[in-house]
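Encoded as structure tokens, the structure appears first; notes follow it.
Letters A, B and C mark the chains in the order given here, with residues in each chain numbered from 1 onward.
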């Protein structure tokens, strides 16, 4: 088992050490479950009460929280970032040896950097370029002329179709499908006529694309995911969407065709955006919101109704269907009351 | 073709036989489509009218329904359960021979029970343990140190990442991704910093996980699916979620991180739950409901609005945006009417 | 690089040529990005302003739009359909040579037409029939006794389970799962008891099924997708659903079990339908609508609430929960005002 002294971890992260410098740390855990050889952290004030009862060997926390805590500590301005950095010591994701597995099918016209890993049963098609230190896990498919920069990680059974471009350190999680056809059909002659999708998907550095997410290739121009974008699982990105740098998109969102999202936006789970709109930078959209028009001011946006017992909800829903009539009745009543008021004055 | 006499089926299921004991049954069908060699069932009273016109050779039904029916019958307290049991006779899912397919890639450090099936092109990584009578279909990926109990079924092209634990008789349908990384990133230095996800996914006995569903591994602690949970397709289970025993989750639901759901709950399709909440046992949530707070009482819960023609809906939606103002106008009007009433009294 | 004269493209599509018949066209592009060797199109009046500034070598447009444009043109009644037809010249999806890749695993009892392509690592099980000119891309799984007509295209890592039937020219995009089990379980003896799903999925000619979409096999009868249906990514089609000819279903929709949708319907993104209902022909359902009852009249239907700033939305949501009470207060007030009116008259 790998282990580090608290002093080593303090030095590595620039945190201030308080307490036993020689304490051996063998793992990370939450405040509630940590033991004496484990390091924990306090980032969210909601969990402050757990500090009093934690069994953690040491805790990463802010200076203002450290005053209330007697134990060993790593004191830092951003405990969550310190915790994030240290998690990588304890990551058990298998490291794979560079080279091409005997069962992989690599086209002779593909270019594979010698430091890259091509896993079992992976398929790399003609003209693909796999950069240094890339990891292609088993069963992944890399289409013709796809280009991956340095340090990309394509996880088991993910698919990247022809001509797509990934920058450096892009992660594509399992089952994600990058660059399949956009949903483009022209109605004519009593049927839907397929429009070949001749654009690509371009994903810039450090983007992270979740499991079973789909990002369709552009119809003519490209679908573009900018630098540092993080996208969760089961998200649908339609053709010609553009997602600005560092935007975060949680699970089950759907972005319709040609919509542009700014940078540093946050879409909570299940959000839907119609096509051909623009969302400016720094917009936060709460869960399951339906966005039907462009958003031009930073801020937080929502739709939907609060949940209730089904009985109450049904009463509400019936009234809601008549809300237009109800509002008109109110308007009428206001008129009547005004008449009455003038009569009685 | 396999066939059974009605008497054999009665004996097997404990149902009471009425009519022709020697009737040969070669299949199951709905009341409307069944023929003279087929067995049908009546479980839902809505379909009682079909009983009069069915061409079925025999029908599984309750005693109270049997009075209205002249044909051959299997009489049981729970016809749906009898039907469920008998479906397995007619299941055409291919049975596979124990053994490892020549095209599978099995790490020498994996432990495969001799009664297990490892299909074509499957990949089993180092340290994985595949228990007796497990079936790993073609193209599935089983990561390092994954442990499967007895009789698990991992369907074509499903993925289970390293260190995850499945109990006995767990089914993972095609394209499902178990144990990929949770969506954890710490914002610092003007970017999202990846938090290694060092927990696992633990799935207890008899759970059934739908096609293309994703269950993310925990950040520190595990994501846990308890015994007998059934999850439909395209469901997103985020990191550190816990789903209680025998809970049923229909398609397209999304459960955000660290949320705990009790046992014997039912989530209808498209339901979304925010993170860090708790839902108690025996809660029913209707389709597409957004749950934003913990639920502490068993019962049925809903959100959303009833659908209408788009024209009516637009009028409603406009009024709804002004509901706060409308309600304040009502309050004001109530004040005026009270004044008028005192004046005219 | 392949290239065509404008005259050749006019002849091929039946469009009327205006301008330089010898202009060499090497690609297609949007009005805003096209260069002098590229052909563009104007189909949506919203983009008419781009016509004045386009750098396109030629534009496909309607006669009424051609009057405002000086450049080379292909004039047609349906410019979008002309554009759709021409996209196929510029499609870079790899063409694969007929034959079975050495790494594919094809059961000796499968029947593969010599003009079909079986890609690397594909698995074709016993009794499957792959028709002329079908393309099975790498990593796809075709189960036992599956039947594919002529010219079907099953993309990388897609899955089709046993006994399903595809007509001619059906496209199954990457990661889609066709014919996995419907979500059928009978509650009895304190657990969910699996109901074997013994129906099939039948997909008729020219249907197109999106990436990571799932279509479950029927419980007893089949799940049926009729001719010319187009389905986008991440759509969930439950067991025994029937989708009528030429219906279009956008991304992230979910259709619950046994529901029947008519022909030429359009479901926008994220729509959900409960089970056991019917939607007639030519129904349009706007994005994220929840459909809880049968629809018997063609037209457009919607549900949900318009989005707003989160602050405004919260006020609305609080008022909405009290809408039943508010409406009753209005009714009461109407009574009071009527009394007052009769008093003051």
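Throughout what follows, contacts are C-beta pairs under 8 Å (C-beta built on N, C-alpha and C of every residue); 3 or more make two chains touch, one makes a residue touch a chain.
Here the structure is a predicted model, which is why all the values come from computation and not from measurement.
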Same or different residue numbers at the chain B/chain C copy interface, by half rule: different
Chain A and chain B share one sequence, so how far apart are they rotationally when you fit their Cα atoms? Give it in degrees, rounded to a multiple of 5. 120
Chain B and chain C: spacing of chain centres that average the CA atoms, whole Å: 25
Send over the residues of chain C in touch with two or more other chains. 103, 121, 139, 157, 175, 212, 234, 252, 304-306, 308, 320, 323, 326, 330, 333, 337, 340, 344
Residues of chain C touching chain A in their complex? 27-30, 33, 78, 80-81, 83-85, 87-88, 90-94, 101, 103, 119-121, 137-139, 155-157, 173-175, 206, 208, 210-212, 228, 230, 232-234, 246, 248, 250-252, 268-270, 287-288, 304-311, 313-314, 317-318, 320-321, 323-324, 326-327, 330, 333-334, 337, 340-341, 344
In the complex, the residues of chain B that touch chain A are 103, 105, 121, 123, 125-126, 139, 141, 143-145, 157, 159, 161-163, 175, 177, 180-181, 183-198, 212, 214, 216, 219-221, 234, 236, 238, 252, 254, 256, 272, 274, 284-286, 289-293, 299-306, 308, 312, 315-316, 319-320, 322-323, 326, 329-330, 333, 336-337, 340, 343-344
